Each structure stands twice: as C-alpha cells, then as structure tokens.
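What follows is a group of structures, each given as structure tokens.
Two complexes follow with subunit A in common, the first pairing it with subunit B and the second with subunit C.
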Partner chain A sequence: MSTELFVQYLFAGITYGSIYAIVAIGFNIIYNTTGIINFAQGEFVMLGGMIAISLLSFLPLPAAIALAVLLTMIIGALIEIIFIRWLKNPSVLRMIIITIGISILTREAAVHIWGENIRALPYFVGNEITTIGIMGARISPQVLWVVGVCGVMVAVLHLFFRTTSVGREMRACAANRLATILCGINPRNMVTFSFVLSAGMGALAGCVMSPITYSQYDMGTGLAIKGFTVAILGGLGNSGGAVAAGLLLGIIEAFSVSVVPLAFQDAIAITILLLILFVRPHGIFGSGEAARLKAF
Partner chain B sequence: MKRILAILPLLAAVVLVQLLTTWTGTQFYLTQMTMAAYYSLLIIGLCVLMGYAGQISLGHAGFFAIGGYLSAALTTRSLVPFKEAALVRLLDSCGLLHAGKDLYGAELLVVTPWAAAVFAVLVAALIAVAIGIPVLKLKGHYLAMATLGFGIIIYRLVLATPWFGEADGISGVPPFHLFSGVTVSGESSVRIMNYYLAWGVLLSGLVLLINLMQSRIGRALRAIHGSEEAADAMGVNIARFKLQTFVLSAVFAAIAGVLLTHYNGGIGPSEAGVMKSVRYVAIVAVGGMAHLWGAMFMGVLLNFLSLRGVFGSYDDAVFGLILIVIMLFAPDGILSLLAGRKKKAATVQPVQQDGEA
Partner chain C sequence: MKGIVSKVVMGAAALGLLLAPAAWAENIKVGAILAATGPMSFLGGPETRTLEMLVAETNAKGGINGNQVELILKDSTGNPEKAVSFAKQLIEEDKVVVIIGPSSSGETMQIKKIAEDGKTPLLSCAAAEVIVDPVASYVFKTPQKDSDAVKMIYKEMNKLGLANIAILVDNTGFGKAGQEQLVKIAPEFNIKVAENEVYDKAANDLSAVVAKIKANKEVQAVVNWSVVPAQSIVAKNIRQMGWDVPIFQSHGFGNIKFVEAAGAAADGIIFPASRLLIASDLPDGHPQKALLVKYKKDYEDKYKENVSAFGGYAYDAFVIFEAAVKKAGSTDRDKVRAAIEQLKGLPSATGIFTFSEKDHNGLTMDAFQMMTVKGGKFVAYPAK
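Now for the complex of A and B:
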C-alpha cells in the first residue's frame, strides 16, 4: 500500500472514528447519570443533520446549525421529561424497551416529515471537489471540520465536567445518587441535563458529518450500534477511552475496505462488539475492577 | 391437564372463525390468519425466553430468517452445476434431491423440502448454541446489544449474498408436501387446510410450552428470572437452562420461518430486519412477558391487523408506540390491567400474603 493511499484511509478512519467517539460519549454521559443505555442516541445525530438541512432554506448555514442543535437539545429534554423522569426504579429490561420504542418513534416521525430521501448539508468550505493535499493524499476540508469540531467538543466537555458547578453536580450524581440528594442537588434535573447534553453533542456531530456521510432517516440504528461498540471498547462511562476506541474502530473499518467487501463493513464493527463482549466486557481501556460493580 | 383443557375453547374459536369466513364468503381473511399463526409460533417461543427465563433477544428475526432463507435457497437454487460433486451425489443417492424442470424447461435439481427444512432448523439450532453460550453470560444492555448485533449481522449477510437473492430475496419457493395430502402452500384451493395446519402447529407448540413451564424446567426458569444467584445456590444449572431455552425459542422461530416461507412461496430481507425483531419483542411485552396465552393472543391479533394493512404507513410507528405505552403504563402486559383491578380489591383484606409492595 502506497503512502498516499495509507494516509487517505487513515483520514477516512479518523473522520468516522471521531463521529463514533462523539456518539459513544453521548452514551457515556447518560449512562453515568442514570445507568441507562439510551438506544435512541443515534437518532439525535440524525435529527441534528435533518433539522439543519430543513432550516437552511430560511437561515444561513451557521445559524441553521446552531438552531438545529438547540432544537435537538429541546427534543432530548422533552424525551427525558415525558418518558423517563417520572418512572420509579424501572427495571433495566423496561428501560431498554422504552428507549428502543423512542428510537422507533423518532425514526418514523422523521420518515413522515422528511421522507426516505438521502439529504446533505453543503460543504462548509468549498464544495465536494475542493481538496487539500496532506502527504500526497487529497483530503476534503470538511474532514478537518469533522475532526476539529469533535476534538473541540471533547475538550469543552472535559472542561465542563471539571470546572463548572453543573458539570461537577452531574459527576456527583454519577458517583453517588443518594449523597447528591443529601447535598441538595436534584438528580432528576441532572438526568435531564445529561439528555440535553448528549442530544446537543449528537446533533452537532450530525451537522458536521452531513456533507460527507449524508443524512437519512434510518441512520440512527447503525450509529447507535457502532457508538455502543466504541463505548464498550473504551470502557463504559470512560470518555477518554471512548475517543481512543472510536478512532481505533474508525481506522479498522477504513482499512478493512481493502480486505473485505464494503457490504460487510458494518458486520466488522458488530463482530468486534461481540468479541469484546465475550472476551473483555469491561473494554480495552476500562478497568476490570470497576467493571465488577456493573451488571453485565 | 386442566391447563391443557383450556385449549378446547380456543380450538372451538379456530373452527368457528373458519366456518364464519366460509359462510360470509370472506375466506381471504384465512390467509392472514394462517400467516399470523406462524408469526405467533415464533412469539410464544420468544415469550418463554423473555418472560420465563428473563433473557431479552433483539435478534429473533435472525433465526426466523435462517430457517426461512435456508429452506428457500435449498429448494429453489439448482444443484445442476455441481452434479458431479461427491456431496451432491451422496444426497441424491439418499433420495434427498428432487429433479425437475424449471419454467423454461431447463433441468433443475434441488433439495427436497423435507430435507431442506430439517437442515434449516438444525442449522438454526446449532447457531443458537454457538451464539447462546457466550451471549447468555451477558445481562441487561449488553445482552440486548449483543443479540441486536447478531440480528444485524444476519440481515447484512442476507443482503450481501447473491445465493440468498440480495435485496430481492428468494421467490418461487415450491410447496412443501408434509405427508400425503397435506401441503404447505399459498394456493387458494388448499387455503382452509393450511389454516388448520398452521393453527395445529401453533396450538401444539403452545401445549408443549405450557407443559414445559409447568415442569421442573419451568420452575427452574422462573427461579433464574427471580434471582440468578438464588437459583444457582439452589442447585439450578443456570447456564444450561438459559441455553436450552434460547435454543428452543430459536427452533420455534426457525420452524415458523420454514413454514411461512413455503406458505408465501418466498422470503425477502425485511424478514431479517431489526424492526421485525423489535416487533416480536413488542408483542411479547404487550401480551405480558411471562404469559403464553397473552403472547399468543396478541401475536395473532397484532400480526393479523398489521398484515391486513390496518396501520398503513404507520405500521412500524404503531409497534413503537405500543412498546412505549405498554412499558410505561402496564409493564406486565395489557391483560394485567384487568387483573390489576382484582388485585387492588384483594389488598383491602387485612392479611397480607407477602412482602410485595
């Protein structure tokens, strides 16, 4: 394999990998405050892209994206308030089925609003044939947008959890729910916040990836599976691990194209997921000790 | 025995439906009733896995597809090009192959439906064992995601394999001559016979499962559902019982797949899709998880309505909505709402039976 081809595959892998990492971090945020895996996580990415495309006919691109992210955050909050907030100690099976139901309803709403067509936002800079040369490979500037925005999101999120009081309260809620209540923090609000936060992150990722990967009503399930694979691979709840695992999965997928047919690309991620679940359910980067506290 | 006798009113209802449709000249309803019965066969199998053993599976459409696709491919794809291969000659000498002519008069050599069906169900069972051993060690979200992943892999394989017809699926599947005079086929001349056949299969499955749940196995499964640790401490071999139930439900799904594929004369990739698996889970949930009668009743009702096209383009949305509403307001199934009223009346009595809140 020539250097150019190698760099080309590498960038493709990093692009997809950073999106998987964002979806995985979305899983982690909600998992940390609630212990729930939100099967509708991929739908936030779809909604972000789709809403931004619709808003583009009235608004300039940056405003359309900002409003799309805001609307998706509101949808995230509504989903939590309507379906989850008032349940008392729901069983895991019940929560799984409810979030699957939410994901189906969101998808069906999307297909009735936007139809089955594949849509895309325009490229942020230039158009589909604009490229920049890196080590002999030709890369679209949008790739740098995706990687850059995802990188900034991870950094801002890190600062948010370390420095702001809401971020600290959310972490406290993840560590010990009862102690949080005793400190006068309402954990229910923190759960709503976590839905808002992961909806917003998903929506922004959905907007920046839309020019390259396109948006379609049924893209959510595939993204959710891959995001979950990455979340598990990186150790559930561990956002640093999610970034590393996301890039790893993206790069493996990108290079797999030269070995297996494209149709089987999704099967690779799922096979990795199954292998990881069977062999090392606490992930490559997670600690086995912490994993013993979780219910596999 | 009492529980088995409860089948009799149902049998009467099955006969009544047939007579009613004959009198009113609406026999076309029987076609959907037949299909709904086959889907319900899968659903009662899944009900035992989810309700009694407490293990979720979001990949049961995968087992249905393994059954349906294997028997469809084996009974339609001609083996003429491989006529000289040792395996094909061996099968031929065992009488498992069927020679004929296709639509254009070309020579055709396919596996007989019986051999294909047995092979398909065996493969489904073997895959269930291979998948079940590692997957059933997982719980909760992990089990859900792993079975979902299995379902998606089957869907992708079906879509990407020319032998399985890719996006077109397989059509022209021949009728299945079960034994003399009884044929699984969608032709209107044998519609009534197929209706009784499907319901016979479904009710036999139901009786089998009801008996099984009253036995040592059923009690062991309920113990596992209550608390795996406690069941383990009482000497229940958790891994074995969970695996047996998983394989049993996979076999039910595969048999449903084989029979429905011969009945429809074909199968398409949507049968392997994730939405199908979710739909089966939804129906089991509506029926009340550990409630075989509820699962069967809801399976027939909802599949019949869906097949009649009552929900229109909102078909999937309806099942998503059902799933959410049931899980939010009646996690023990629709029938529990009726029973719930009785229970409330009962709690007025001074003596509390158990510590249940």
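Now for the complex of A and C:
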C-alpha cells in the first residue's frame, strides 16, 4: 500500500471515528449520571444539523450553529424534565423504553417539520470540490473541521469535569448518588444538566458533519448504533475510552475496504460489538470491577 | 320527544349507510403503494404528489368514461413487508382495478406474484429490468430499462475512448440490478470492469472506497449507479480527493435534489435520463414536449418543488391506466390488462409507450436522453 493511500484511509477513518466518539461520549455523560443508555442520542445530532440549516436563512453560519446548539440543549432539558425527571426510581428497562420512545417521537416530529429530504449546511471553507493535500493524500477542509471540533469538545469536556464545581458535582453524582444527596447536591438537576450537555455536544457534531454526511430526519438511528458500539468498546462511562474506541473503529472500517468488499463495512462494526460483549463486556478500556459496581 | 329525535337521527344514519355504497359504486378504484415517507421518499414523495394532482385533474374534467377516479394511497415507507400486506389489502378488500407502484424494485419483486395470483394489473414505478423480464402477464413497469441505460452509458464511453471502468452501486434492488447489467453488457462494448464495489444506501462518507478505486491506475471512468442520496456523496468524495475522472451515473440521478446535495461536485456528471428534466429545452413539435411542459408547470406551481424523473414514472402509470380503461370501456381487471398490452404510441412523461404481449415496459432506448449537469442544472449532453 502506498503512503498516499495509507494516509487517505487514515483520514477517512479518523473522520468516521471522531463522529462515533462524540456520539459515544454523549451516551457516557448520561450513563454516568443516570445509569441509563439514552437511545435518543443520535436524534440530538440530527436536530443540531436540521435546526442550523433552517436558521441559516436568517442568520450567518456561526450564529446559526450557535443558536442551533443552544436550542437543542433546551430541547434536551425539556425532554428530561417532561419524560424522566418526575419518575421515582424507574427501572433500567423502563428508562430504555422511554428513551427509545423519545427517539421515535423526535424523528416523527422532524419528518413533519423538515420533510423527508436530505439537507446540508454549506462547507465552512470552500465548497464541495475544494481539496487540500496532506502527505500526498487529498481531503476536504471540512474533514479538519470535524476532527478539530471533536478534539476541542473532548478537551473542554475533560477540563469541565476536572476543574469546575458543576463538573465535579456531576462526577460525584455518578460515583455515589446517595452520598451526593447527603452533601446537599440535587442529583435531579445533575441529570437534567447531563441531558443538556450531551444534547449540546451532539448538536455541535451534527453541525460540523452536516456538509460531509448531510442531515436527514432519520440519520439518528444509524449513528446511535455506531456510537453505542463505540461506548461499549471503550467501556461504558469512560470518555477517554470512547475517543480511543471511536478512532479505532473508524480506522478499522476505513482500512477494511482494502481487504474485503465495502458491503461488509457495517458487519465489521457489529462483529466487533458482539465479540466485545462476549469476551470483555466491560469494554477494552473499562475496568471489570467498576462495571460490576454499577447498578446496570 | 328526545326519543323521536334520536330515532329520526338513527334512521337517517341507517339510510345514509344504505345510500352511500350505491353512490360510490360507480367510482373507479385505483390503488397506489408508494414510499411517501421513509428512506425511499425521494421516489415515493413526488410519485404520490403527481398521482394526487392527476386524479384531481381527471375528476375535475368529469373522470374517465364519466366515472370518478378514487385513489387509495398506501404509504409503504419503502418496506417490502408493508408493500406485501398493502397489495393483498388492495386486491382482496378494496378490489381496485389496478395498482400503481411500488416505488422501489425490491418491493415490486416481493409483490409481483401477489398481483399475478390476484389477477390485478400492477403498474410499477420501479426501474429494475427483472420486473418485466421474464414477463408476468399482470405486471408492467414505466421506467426505462436498466440495460438501455447501460448501453447509453457504454456508447458514450466508446466515443470518449474510455475502456477501463470502476463500478460503484448502492445496495438497493436498483443498485444490484444495475451492477448485474453493467457487468453483463461490458464485453459487448469492449469495456473492462477494473473495480466493482457496493455501498450502503445509508452511507454518510465513502472516501475510503473512493481512495481504493483511485489507487487503481487502470481506472479511466467511474460508473456510480444508485437511486439514493449516497450517490451525491460518491461524487463529492471523488472531487475532494482532487480526482478529475469522468463520472457516469444512472437514471436514478434524475432528481435535482441530488445535484443540490453534491453541489459543485455534480458539475459534469454524465447520465441518461427522461426528457422531463429538460422539458422546455426540447424542440417544438417533439411529441412529448407539450405534455412535459404542462406537467412540469402544474406540478411546480402546485407543490413549489422541482419536478423529478421519479414523479414522471407515476405520471406514466396513471396515463397508461387511463388510456387502458378508456380503450377497454370497462373496469374489469382482465379487460384492462388486455387493453394495456394493446396500447401503441402513447406519449407520456418518460417516453412513448408501445406495449405488446412480450414487452411490458413499452419503451426503447429512445426514451433516454444523455444529460449532464452545468451550473447546478440539468442540461442536454453534450452541453451547448
């Protein structure tokens, strides 16, 4: 394989990988504070892209994206307040069914608002045929936007959880809910906040990837499956693991094209998911002990 | 008093029930199974809207042979299982005269036998050749033949001196059928298939596979045969890699939305398609011109969206149904079926249909026109 082709595959893999990682981190944030998997995570990505495209007719691109992220965060908060907050000690199964319901509801609402057509934000720099050369390979500048924004998001999130008091409270809530209450922190607010945070991240990812992948009302499900695979692969609740696992899966998918027909690309992701669930159910980077301590 | 009122109301309701079926009995029932929503909605959406428009127009003019047309629309969402149950329902419960649709080749193949067993003419809006080859007596289709599209593309390649090609198809029924024809017909035109790949219909980035094809230095042209939005991603990924290879696409590219999605990357894509897309550029006196211009204007005024070749396939199905019912002078399914086979030289949106016992598509290569994209618009190829 030539260097050029190698770099080309690598970039393709990193592009898919960063998107998977962001969706997986969204899963993790909510999983950490509530112990549930929010299957509507992919819908936040869809909403971000779709709202930004609609706003673009009145606002310049950066403002449209910012407002779309903000609106999606509000939607995330509303979803939590309306559907989840008032439940007293719901079972895991019940919560999962609720989030699947929310996912279907959001999708149906989206098809009524935006219709079934594909839409896209314009390229942030250049247009569909602009290319830049890196080590002999040629890629769209938007790829750098996707990778860059995802990288910054992960870094900011890390700082947020380590250094801010809200971030620490959320981590405390994840570690021991009862002790958190005893310390005077309201875990219900933390749960709402975790929905807001993962909605905002999903929405921003949805905006930067829209020029490359398009936005469509039903794009959320496919992303949620890939993101879930990555979250499991990296160890549920482990955000660093999600980044590593996301990139790993993306790169494996990209390079798989050179050995097996493209049609098998998705089969590879599912095979990996199944293998991990059989062999290391707590993920490659997760610890088995931590997984056992969770109520899940 | 109250008792009397309720008795009168009940009585009136009962009378209404008795009268209602009598008033509807004269209606000609047409079933349509189209993917109005869901992943195939870029096919079923324009098809549904076209049918609604045509039925309203026909009824306003007094219907067919003095009878109103009743359209029973079923949204399959592109799901073959739903298409199967709708087909049974339309044939057995609604007792429709004909079924228009389904939108996709996969769905059509699933209900081919049901239409055949239920002795109900099926006018499919899906493209794959296997729908009418081998001929099933009740199954017809309106889009052009895949093999004709392939021949149009290969003829153009011969002219341009392109001999080694890469084939990329989507994993829908249309894509698979196209791949088969592309591989089968290639030797006739001395064309060698150097790469042959299938991509997922929901794919959102295909740069890896494009990189693989690009690495094969033999490849002189790419045939991107698809009917889903992912085909625009292929075009974008090719151009983003700075690869200026000629791109050929199928008649499945005939929706301006795919051009918008590919943006600047769509420029120069060469593909065979229905003349509907360039209606106003046709020479005056072309047998299809008047009806194409009218259909395009009516549709675009009514729905505020560009007409697509896919809506045209539903237009054809309705025109064929109307002509057959008029010719048969009856709504008997068998008589209508026989009448379709006798239709000759019927101009419609996709082409001029001439059916026979052996030909249930009724179109020739002439129904195609080579086109390209210039400045975000469809124009005749070679561009002037």
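We take it that the second predicted complex is superposed on the first by the 287 of 296 C-alpha atoms of A that agree within 3 Å, B and C clash if a C-alpha of one lies under 4 Å from a C-alpha of the other, contacts with A are read in each partner's own complex, and residues count from 1 in each chain.
Heads up, the rule we're going with is that a contact is a pair of C-beta atoms (placed from the backbone, for glycine too) under 8 Å apart; a residue touches a chain by one contact, two chains touch by 3 or more.
Please read all numbers here as calculations on a predicted model, not as lab measurements.
Contacts of A:I118 after superposition: subunit C is touched, whereas subunit B is not reached. Of the two partner chains placed by superposition, only subunit C is touched by A:R138; subunit B is not.
When the two structures are aligned on the shared chain, A:V92 is found in touch with subunit B, with no touch to subunit C. Of the two partner chains placed around the shared chain by superposition, subunit C is the only one that A:Q216 touches, whereas subunit B remains out of contact.
Applying the stated contact rule after C-alpha superposition, one finds that A:L277 touches subunit B and leaves subunit C untouched.
In the superposed model, A:A263 makes contact with both subunit B and subunit C. By the document's definition of touching, of the two partners only subunit B reaches A:I102; subunit C does not. Of the two partner chains, neither subunit B nor subunit C is touched by A:A205.
Shared interface residues of subunit A (contacting subunit B in one complex, subunit C in the other): 261, 263, 266.
Residues of subunit B touching subunit A in their complex: 54, 56, 58, 134-135, 137-142, 144-146, 148-150, 152-153, 156-157, 159-160, 274-275, 278, 281-282, 285, 313-314, 316-317, 319-321, 323-324, 327-328, 331. In the complex of the two chains, the subunit C residues touching subunit A come out as 37-39, 41-42, 45, 171, 197-200, 202, 204-209, 211-212, 214-215, 229, 232-233, 236, 239-243, 257, 261-266. Against subunit C, in their complex, subunit A makes its touches with residues 2, 4-5, 8-9, 11-13, 15-16, 111, 115-118, 120, 123, 127-131, 133, 137-140, 209, 212-214, 216, 218-219, 222, 253-255, 257-258, 261-263, 265-266. The touching residues of subunit A, when paired with subunit B in their complex, are 37, 39, 83, 87, 90-94, 96-98, 100-105, 107-109, 112, 221, 225, 228, 232, 261, 263-264, 266-267, 270-271, 273-274, 277-278, 281, 295-296.
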